[in-house]
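Just dropping this structure here.
To keep things simple, chains are lettered A, B, C, D and E as they appear, and every chain counts its residues starting from 1.
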Amino acid sequence: MIDLGLATLGFGPDEVAAIHLSLKVAIWATLAALPPGIAVALALARGRFWGRDLLNGVIHLPLILPPVVTGYGLLLLMGRQGLIGKPLSSLGIVFAFNWTGAALAAGVMGFPLMVRAIRLSIEAVDAKLEQAAGTLGAPPVWVFATVTLPLMLPGVLAGSVLAFAKALGEFGATITFVSNIPGRTQTLSGAIYAYTQSPGGDAGALRLVAVSVALSLAALLLSETLARSVSRRIGGLS
Amino acid sequence: QGDGPLVFAAASLKNALDAANTAYAASGGAKATITYAASSALAKQIEAGAPADIFISADEDWMDYLAGKGLIQTTTRHDLLGNRLVLVAAADAKTSVEIKPGFALDQALDAAQKGGRLAVGDPAAVPAGKYAKAALTKLGAWDKVQDRLAPAENVRAALALVARGEAPLGIVYATDAAAEPGVRIVATFPADSHAPILYPIALAKDSVSAQAQAFLEFLASPKARPLFEAQGFTVLSAK
Amino acid sequence: MAGSPPPPPPSLDAPSLDMDVALRQGAFDLEAAVTAGPGLTVLFGQSGSGKSTLIDLVAGLRRPDRGRIAVGGVPLVDTASGLWLPPHRRRVGYVFQEARLLPHLTVRQNLLYGRWFARRHLTVEAPTLDSVADLLGIAPLLARRPAGLSGGEKARVALGRALLAAPRILLMDEPLAALDESRKAEILPYLERLRDQVGLPILYVTHAVAEVARLATTVVMLDQGRVRAVGAPSSLWSRPDLMDLTGGAEAGSLLDAVVGERTGDGLIPLDTPAGRILVPHLPTELAPGSRTRLRIPARDVLLSDRAPQGLSALNILPGVVSDVRLEEDGSRVVRLDCVGATVLARVTGTSAAALAIAPGRPLWAIVKAVALDPAT
Amino acid sequence: MAGSPPPPPPSLDAPSLDMDVALRQGAFDLEAAVTAGPGLTVLFGQSGSGKSTLIDLVAGLRRPDRGRIAVGGVPLVDTASGLWLPPHRRRVGYVFQEARLLPHLTVRQNLLYGRWFARRHLTVEAPTLDSVADLLGIAPLLARRPAGLSGGEKARVALGRALLAAPRILLMDEPLAALDESRKAEILPYLERLRDQVGLPILYVTHAVAEVARLATTVVMLDQGRVRAVGAPSSLWSRPDLMDLTGGAEAGSLLDAVVGERTGDGLIPLDTPAGRILVPHLPTELAPGSRTRLRIPARDVLLSDRAPQGLSALNILPGVVSDVRLEEDGSRVVRLDCVGATVLARVTGTSAAALAIAPGRPLWAIVKAVALDPAT
Amino acid sequence: MIDLGLATLGFGPDEVAAIHLSLKVAIWATLAALPPGIAVALALARGRFWGRDLLNGVIHLPLILPPVVTGYGLLLLMGRQGLIGKPLSSLGIVFAFNWTGAALAAGVMGFPLMVRAIRLSIEAVDAKLEQAAGTLGAPPVWVFATVTLPLMLPGVLAGSVLAFAKALGEFGATITFVSNIPGRTQTLSGAIYAYTQSPGGDAGALRLVAVSVALSLAALLLSETLARSVSRRIGGLS
């Protein structure tokens, strides 16, 4: 992870760690959520299978439930003794008290936002173009990669930004799932939360809020620039 | 909700206060409306003008915070309840630890689970965490475990970490441990190892409810005492 | 299938398209059996008669309710056996009625899109990007994206894209409708070459009789989802019962012809069943000995009761009137038997009276040489 | 404006379209001054020459870099004074090259979309939904949505939508390209009526010479963003220097004509500068005394060195050769002066030699009556 | 508010009140967020104005920040003593410790989700169709109402569902802004939170989680059905 030179700006070592960790967690959460996010969005937008509504409901759960509940849920499922976590941990994949767990929690919380954005974009893709690509000999996977995916890029970008921002802001599920260990699982939000819980912590909280906002704005601007260049192309002024 | 008082109470008091409230209503009082949230949030809301009549904090700090701003009737402030700090393990764990000065909590953790962590309320934010830190420091064990904590958002979350086997040991309130079948009390911290765990209560400065004083008195009365004790609290101010 | 008598195979080869399908969409009901030989099969019919639907069925973009389709002996779909070849494995080159270019790709990328999948099927004669871009006049557009193209430019890119995909069959839905005459004149010979030399079967939708005359091996007349008639254009365009579809004003005869050697004065003789006809030029692809077809619009034929003298027209065909039909507008369509072939002529009532036209009367048909240019 | 000489106003009335604009888009550079009188102005030119761009400018869908546009004296845009009338206040009826129907509305709702805004401008003669739907044959589609329509059905709905909006000017970008002949034959007279009786100025893009001949009051020839020529079709189609645009094979003459009284044998005489020409029928709208135009394709004219006898052709025009031009293909385009009007004839080299065609030689042009039908 | 007959299902009066309140809050939050959501989405999708990126950043704040911080922010801005809350409360509009405040908090938290979804849909609307409507005489507002709005309906629906679900799940900002007063500002999430904070409250929490999930699923199904009927129309099978 790059050194942002934050220590020289008057941030304490735990704060610097939290900032770096937040970035790492948010980036990984977004990247890791992307493939399943696209797959689920595709299934929901195009699929006609049994359990479609159920799947739709399940991925919305993190949005519907208080984050603490989602955190408990993750603990039950993905914890060391959890239904999925137990077999995984015997494979050496441990989420508990690990930054990976924070990324998982952030990814799960951002998942419904990401899926919705991508799904909207998929639904806006003109199926006739995909048909045209098919008649030219492209098998469905190829059509997806060369036609559907580029055309749904606005949604993928929007979904990624939402997930990234949510990952920076998420803390209820994260702290419940992997706790708030400075230097290890304490993200920016966790650090901000800790400040807000002690009388007189407002100044510290505000400083970290500023960092959080700056990071998100950078991500936002980046995505807007990308989106603009994409739409300029498609829009025609070649 | 009738004309009963509006009570802002720390979330961990929910079971006990709900029971007391029911008893109060049964005894002819106007049932109180009780809001449970983190003490910090409640204090800041009162600061922002929340129409609370009574504030019950989970620690002295947030009560002091409001007192400093002149937002409580200091004459009505007193410590309502006390609590004990305990070390817990999962119900089926065979861990045994004796709490004494210099005790090797880190080894106990390792014995139960290699590299295992100690679940606590976040010492930076949660009262239970602050008490735990004080106690461990006093007992000379803090340095051994301060890198091995699992600081949770609140006591209940810490408890869940232990109950789910994520952390082999945890430090929580006796009241929480008593009600969670997933955990077993391994040992209780000596009362003198930390500042007394107190739940101060006071009337808010802008309290308007005529029933507020009555409810406050009821909570401190012998009638309420068994209800608190049933939840594991120590009742400090029964008259 | 009910309503559509099985047409005779128009060629001796194995049929390259063989379909017998039924499909209902909304209130529209398609039920068509089409057997078309190699060469170019025109789907002809009014707007909404089901031409695009039929092509979509061949491409696999719509599924028939029941029926089967085979191209060159390869079955594509058969509802009876549950066979279904997905579109990308059918190797069709589809020029859609709307261009359907991929908006995020440049013109070059659009043109080459099918190339990767076609790589195993490319022969040395397969068209290259450059040759197609030159033919279609889109070389200057290669770096552009579709959004800024004009209507005709889009149509040409769509055409090029299909040609470059090395298809086993070309499906073309009004590919030239948005193009100007000079552009059409450049593209038509190319399509003929595809049809004749490359031997690519082509299913072609058009409303332009000129394109039918020039290109069609077989015409399938569609009428409200049913096949009204199938056959060589020369036979269909001389059938009075089809005039509601072939177009009254457009009535004319189509003559099969064999190209001869260029004469001293630069004219090319075409041997038709009605006699030798001289034309000034032909598409360069037509070598002596090759077969082509002439379209003679009925209104371009003059009738004379004597062998004419001192006229600029070179082609004077003697014949005998076999039929006279009174048109709604008072004119007569005269059917002249010229040594076995039929030539139609449209004359006014006044002329018909003056020439005493009646079945059995011998007359001379005068056709201007240049009117016979197969390019028209 | 440089490169485009100001054309003479083709009519004595105040010009109904007056534009002088410049616009650069990508590598394409439009610079055009067009003054068109009332009636129908055809924009004619190759694919990519800027026809749709020009129409978009009038509709307000593109902004000129500089210049001004006025319709019927009302300025729509003037970059010098900063004037800009937004599209919805221009009252144009735009038939787009692609249909652009609103996908969420039914055909009926699409047709009536502009009606509300047109309500103040509706006259008793304004077309009704029913009349337009009948004319266009889309009455059975009214409850449908655009997605399921065929290409031609969409085109017809788009046409109807523009007609129903009570526009002050009609902008039509290849409105009939997707339609079959019989459908076109039904719609053309209607457009003529709009042009002549309703007096609606129409800007019309087409590649079909037949539509130009039938409809155009004025033709604006566009070539790579520049106006090559403006004028009545009869003058442009006889200009040899424009043949690259008017189309060599399509060369022909256009004659202005006045309709006369139907004769006893059902023929209608048309008085042209070249003499009286008889035609079998006319669009019903053309009453005696009204003006129309005949198109005579050069290849449909026979030349004779003597007054012909016993021929079915009724129209024999004496004239004098004024020019002979050798075409690439070896044929000759002969310009015959017939009492002031020009008639073009295309003959083979052989015929030209046989008839000793040279400037000054008197000849007879023979034109089949039915070839003159203005409906073609 | 309709009586869901929940009392007979064994829910306590405070729980019934919380369920009713949650529905009320979620519905109002969604409805109230819709007009500004559409306006902001339109500005972001189409506008080219100074401060566009700033606006974009600001509406994303509730996503980026820990909900508690957003809650504090609302308290500072919209509280009885707040910058905006004070003048408003003199007009009789009081958010503090009122269900309207809960709706405000939920609306604010759901706002970025709603705006993103709507914006994606607006960007997918073919501007050429709007142009066509314009040439038919429709002024821009009319074009918006009869062309743009119907065509962006999928995004409006998706955005509403996200906002509704978020409103049901939101509790961090709400509890911080208007507290968790039973019968007054205690929503389902607040009640669930309170249960999770009390020893032995899991069963109660689970019961309420079930209610929350059921409500959201109902909203989801409704929106999917609507969306399907919309797209079926546009898609062609008339």
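By definition in this document, contacts are C-beta pairs under 8 Å (C-beta built on N, C-alpha and C of every residue); 3 or more make two chains touch, one makes a residue touch a chain.
Each chain and its UniProt protein: A, E = Molybdenum transport system permease; C, D = Molybdate transport system ATP-binding protein.
Everything quoted here is computed from the prediction, not taken from an experiment.
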Suppose you hop from chain B to any chain it touches, then on again the same way; how many hops at least until you reach chain D? 2
Using only Cα atoms to place each chain's centre, name the chain farthest from chain A. D
Counting only Cα atoms for the centres, state how far chain B is from chain E in Å. 34
Separation of the C-alpha centres, chain D versus chain E, in whole Å, is 57
Centre distance in Å when chain A and chain D are each reduced to the mean of their C-alpha atoms: 60
Contacts with two or more other chains occur in chain E at residues 68, 72, 193, 196, 237-238
Residue numbers in chain B touching two or more further chains are none
Residues of chain C that contact two or more other chains, please. 26, 144, 148
Given the complex, residues on chain E that touch chain B span 68, 71-72, 75-76, 79-82, 96-97, 175-176, 179-184, 186, 193-201
Chain A partner contacts - residues on chain B that touch it in the complex: 38, 40, 43, 61-62, 64-65, 117, 119, 122, 124-126, 149-153, 157, 160-161, 164-166
Okay, in this complex, where on chain A does chain E touch? 53, 56-57, 60-69, 72, 112-113, 116-117, 119-121, 123-124, 154-155, 158, 161-162, 165-166, 168-169, 171-172, 189, 192-193, 196, 205, 209, 212-213, 216-217, 220-221, 224, 231
Chain E partner contacts - residues on chain D that touch it in the complex: 59-61, 86-94, 96, 100-104, 106, 113-114, 116-118, 143-148, 161-162, 165
Residues of chain E touching chain D in their complex? 128-129, 131-140, 142-143, 146-147, 150-151, 230, 233-238
